[in-house]
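Labels run A, B, C and D following the written order; every chain starts at residue 1.
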Amino acid sequence: MRKTIIGVMGPGELATETDIKNAYKLGKLIAKEDWILLTGGRNAGVMNAASQGVKEIGGITIGILPSNSDKNVSDAVDIAIITDLGNARNNINVLSSDVIVACGIGLGTISEIALGLKNNKPVILLSEDRESQQLFKRLSSDLTFIAVDIKQTIQLIKDILKTVK
Amino acid sequence: MRKTIIGVMGPGELATETDIKNAYKLGKLIAKEDWILLTGGRNAGVMNAASQGVKEIGGITIGILPSNSDKNVSDAVDIAIITDLGNARNNINVLSSDVIVACGIGLGTISEIALGLKNNKPVILLSEDRESQQLFKRLSSDLTFIAVDIKQTIQLIKDILKTVK
Amino acid sequence: MRKTIIGVMGPGELATETDIKNAYKLGKLIAKEDWILLTGGRNAGVMNAASQGVKEIGGITIGILPSNSDKNVSDAVDIAIITDLGNARNNINVLSSDVIVACGIGLGTISEIALGLKNNKPVILLSEDRESQQLFKRLSSDLTFIAVDIKQTIQLIKDILKTVK
Amino acid sequence: MRKTIIGVMGPGELATETDIKNAYKLGKLIAKEDWILLTGGRNAGVMNAASQGVKEIGGITIGILPSNSDKNVSDAVDIAIITDLGNARNNINVLSSDVIVACGIGLGTISEIALGLKNNKPVILLSEDRESQQLFKRLSSDLTFIAVDIKQTIQLIKDILKTVK
């Protein structure tokens, strides 16, 4: 039976300390809800921190890697999907997630938010970045959600899943 | 010998009248410079208008289509690249362009701006959308250029090509 | 920690009864070894039968879908990766598998065998098709393995995993 | 107006002398017919030789590159489409071609023949490889054509274009 997949997207090497902390805690709470975590899979930033959080609780992690091998995979990824698609894999990240959480902001993350909304996926923005919040809220008001903290993020995911599933 | 390719990205069905007019004129000027136009190829909005402008002058147009056939291709596209990649083809659009012009703003266009900048491609924003201008200028100040009109866009392309090529 | 993934590829709608039976039994044995099954994910032929076999034992199944939604996913798939890549997703199928089993022969399966070998992945041919056996054995003798039945297939996977991992 | 595109696929580094000679001559004849040539774009084997043949006559060449830059592009490619898709770009090669010619045999070429036929594209096999001829003729008899030389290849393309277009 199809498992519920929560995608956590966010900066890699350029992630802030807050992004990393949020991602880690988010991973733990996602695992506690028995949802599966999907990230970009690399051993960096938000992808890695969220996956580490999940494994702390013993949950399951999927990593959708841009490369043609598992060389740079996070060691907290259970299931590595090797795409060799570069950044084109971002579209797979969002299509495969029931709900997308953008934890922090960066160029790759913005592409994922935009592709998610374009594919009619609900996207939760977990950051204090006002410009991106306003931009996406304006372009897709029904599917863009803004969360001030982890707790609200989890509550939003639950609310969204009730309507999506 | 490698031809210079200018990518013109922009909304499809949701393009404004200004976007369409700009795209058409931009196509004409691109053809006059003997550059090749690359778009998303569909028979809609900015993609179609820019291609029509090029053909008015007799230039060459490439369309990178998201679908698995040429059913929705603009009739102003000379060379149809059929990708069957959906929105993942946006990454090909930007990688294949020497300079990218975002003519208007929409979710697909935002994904292309973000992917372009992430791939270290110069991107010219031709729109009056302040939020996206500020967001991308902040995230990638060296590669984000802002143009107030078609004339400045063409001048920016010329300046950029001198340094890129 | 990275889980071992066994990819089972084979015809969809055109699968023979033997292909289906083999795929189902193979799925059961894969689950018994605690390996994760990866298939093309659709509700047809070898993909579906192998996934059903795994679920009979309570194992984990991944489906890499060609479409942009989960409309045609097998109900025996736990983790649906939605690629919207059409047949280009075949390359992901083989890159993400530690060992590939081609269960039966068809055009899609041939593309997967060829892409697997080109990406230096070990491929086991489980079919009586002499032409494809000879062709791939000639083009990639070290990575092409031929199995006469399910039991030998599992033994070959074990032997290969010892050298690959 | 849509231009007719002929895809010439074949081995890169492993191309035989015969493959290279055939590809070069084929390129010249394709250009004489005013068709556009599409190849995998790299500076190797059949891709490069066919493109060189076209440029000898002054025709137009498209190269669909697997990499994320134009570093390994053949200098006979006019229009470089940079995909960053690795071997997944093979599906684009075949989808974008009105007729596909497999000039020689290798693993990548086999994946392209199989993907071409699966996508209902006509494929001409220009090689003396009996196994692949029999295999593909059996799996897709209506769309698989066998040519003994360049002249017959061109004649087959003409015949096929009459029915396809």
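Here is the rule we use: contacts are C-beta pairs under 8 Å (C-beta built on N, C-alpha and C of every residue); 3 or more make two chains touch, one makes a residue touch a chain.
Since the model is a prediction, treat every value here as computed from it, not as a measurement.
The chain with its C-alpha centre at the largest distance from the centre of chain A is D. Of the two chain pairs examined here, A-D and A-C, the one linked by more C-beta pairs in contact is A-C. Separation between the centroids of chain A and chain C, computed from CA atoms only, is 28 Å. Chain geometry summary: the mean Cα position of chain A and that of chain D are 40 Å apart. Shared interface positions of chain B, defined as residues touching 2 or more other chains, are 68, 84-88, 91-92, 119. Partner chain B is touched in their complex by these residues of chain A: 85-92, 105-108, 110-111, 114-115, 117-119, 131-132, 134-135, 138-140.
Against chain C, the residues of chain B that register as touching in their complex are 68, 84-88. Within the complex formed with chain D, the chain B residues making contact are 1-3, 5, 36, 62, 64, 68, 70, 73, 75, 77-85, 91-92, 95-96, 119.
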